[in-house]
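Can you keep this structure in mind? I'll have questions shortly.
The first chain written gets the first letter, and so on, giving A, B, C and D; residue counts start at 1 in each chain.
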Amino acid sequence: MSDPTLRIVFPADAAELRDVRHRIAAWAAPYLSASDVEDLKLAVTEACANAVQHSGTQEIRVTISLDGSCVEVVVEDDGVYQMHLSGVAGDPGAHRGLILMAAMVDDLSLQRGTEKRTGTRVRLVKCPA
Amino acid sequence: MSDEAVRVELTDGLQGAKLSGELDIAVYEKLTAELAPLFEATGDLILDLSDVAFVDSSTIRLFVRLQQSRKDTGSVVLLRPQPHVARVLAVSGVGELGMRVQDQT
Amino acid sequence: MSDPTLRIVFPADAAELRDVRHRIAAWAAPYLSASDVEDLKLAVTEACANAVQHSGTQEIRVTISLDGSCVEVVVEDDGVYQMHLSGVAGDPGAHRGLILMAAMVDDLSLQRGTEKRTGTRVRLVKCPA
Amino acid sequence: MSDEAVRVELTDGLQGAKLSGELDIAVYEKLTAELAPLFEATGDLILDLSDVAFVDSSTIRLFVRLQQSRKDTGSVVLLRPQPHVARVLAVSGVGELGMRVQDQT
């Protein structure tokens, strides 16, 4: 069998996110239910959106592969993790990205980029129900 | 790119809007701009989501801002979301923030 | 050398958190700066607080060990991860636990408990600067 | 247990309070109860944090609720936090929420 791993490299531009999640969904469709694919689309979109908005990276790399019977997506940027929340004063709907990611996948890992070792890496694992 | 796929139709009398397409940070500014008149209105606000195929955390944030703009004069009503959109709304706790999700007007 | 791994098992009660973080801090002190120990204390407190507040678990298990030159803490409960945010309407300061954890450690993993496989597992890794 | 280690002293005229000890979810209810009078006051509110050894996300949430209760009449001023407490405040974006962190009154 051929290795089905897919790697998508794209500029850190919000306009790319739609295409990226469609490609992720197409890849994952044989392995997950339609509803699980939607969950994964959202988690990947949030991880990429964070890289676009907070990391200062030029490009984003997304890799999707199988991990046993589960689908694993890794989102990597070349930036530094921003510790300080930024945003609009008193906006109770803000900063829900990480929480949504955690709710959408079975396993979430976040390895943050630092000044010394740049590049934040988010790993999202979705397993069939 | 994504922009073209998103549409906003304000309903007469500024009681709401029908949104279509995939809502994410790429269209957040456009959505905010097109919905601007609704931030000035009072009373309930009905957002028809039946043709919305995707929402993300920025969409939730926009809905929450609309709800805040009601200032107790009414609620944001999220109408006929597709099942996976309804799930994201539920997970985000929009109910706790005063919004209503409905299948019928 | 003896294996320095420490395992703390305690009832899911908020009143325990203070003692737990003090023991974590005492264990980690030889390996991390004082400021990094404070970061770890906060991350562990948040992870345990989530287990107390949201998981329905009876007991919580915390393990602290070395992972290379880094300190690794694993917090485990026997509950089911709650997807739906609960809380008070329009409270803009709520739901900051996960974000704080992510900001306090170098690597955060969250493997959620489900109905089928109960028990949420949070892994926190703090490396010396 | 933890309770004993936490102290709240309201300042005269309800302009603030001095907090001491480790603030976490175990003492959230106690803190809220003891600070209750401050939710009714207007104007700036000075919280002396110099003897606070630990804060968590529930503490941030409490400070945000106090700030909200000001309703534009003033700000919550977080006075003399220890360095690691100051760091948690900064990371939590209390500034963006209208509070001020100060080393001097």
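Here is the rule we use: a residue touches a chain if its C-beta (ideal position, glycine included) is under 8 Å from a C-beta of that chain, and two chains touch if they have at least 3 such contacts.
Predicted, not measured: the structure shown is a model, and the values here were computed from it.
*Asks:* Counting in whole Å, what is the centre-to-centre distance of subunit B and subunit D, each centre being its mean C-alpha position?
*Replies:* Between these chains, centre-to-centre, one finds 35 Å.
*Asks:* Can you work out the whole-Å distance between the CA centroids of subunit C and subunit D?
*Replies:* The separation of the two C-alpha centroids amounts to 24 Å.
*Asks:* Give me the residues of subunit C that touch two or more other chains.
*Replies:* As it turns out, subunit C has residues touching two or more other chains at 83, 85, 90-92, 94, 96, 103.
*Asks:* Check each residue of subunit B and list the ones that touch at least two other chains.
*Replies:* Where subunit B meets two or more other chains at a single residue, that happens at 64, 68, 91-92, 97.
*Asks:* What's the contact topology between the chains, one of line, ring, star, complete, other?
*Replies:* Other.
*Asks:* So which chains end up touching which?
*Replies:* The set of touching chain pairs is A-B, A-C, A-D, B-C, C-D.
*Asks:* Give every residue of subunit B touching subunit C within the complex, in rising order.
*Replies:* Those residues of subunit B that touch subunit C are 64, 67-68, 90-93, 96-98.
*Asks:* Which subunit B residues qualify as touching subunit A in the complex?
*Replies:* 1-3, 5, 22, 24-26, 54, 56-58, 60-65, 68, 83-84, 87-88, 91-92, 97
*Asks:* Quick check on the complex: what are the subunit C residues that touch subunit A?
*Replies:* Against subunit A, the touching part of subunit C is residues 81, 83, 85, 90-92, 94-96, 98-99, 102-103, 106-112, 114.
*Asks:* Can you check the complex and tell me which residues of subunit A touch subunit B?
*Replies:* Against subunit B, subunit A makes touches at 14-19, 21, 35, 38-39, 41-42, 45-46, 49, 52-53, 91-94, 96-97, 100, 103-104.
*Asks:* For subunit A, which residues count as touching subunit D in their complex?
*Replies:* 83-90
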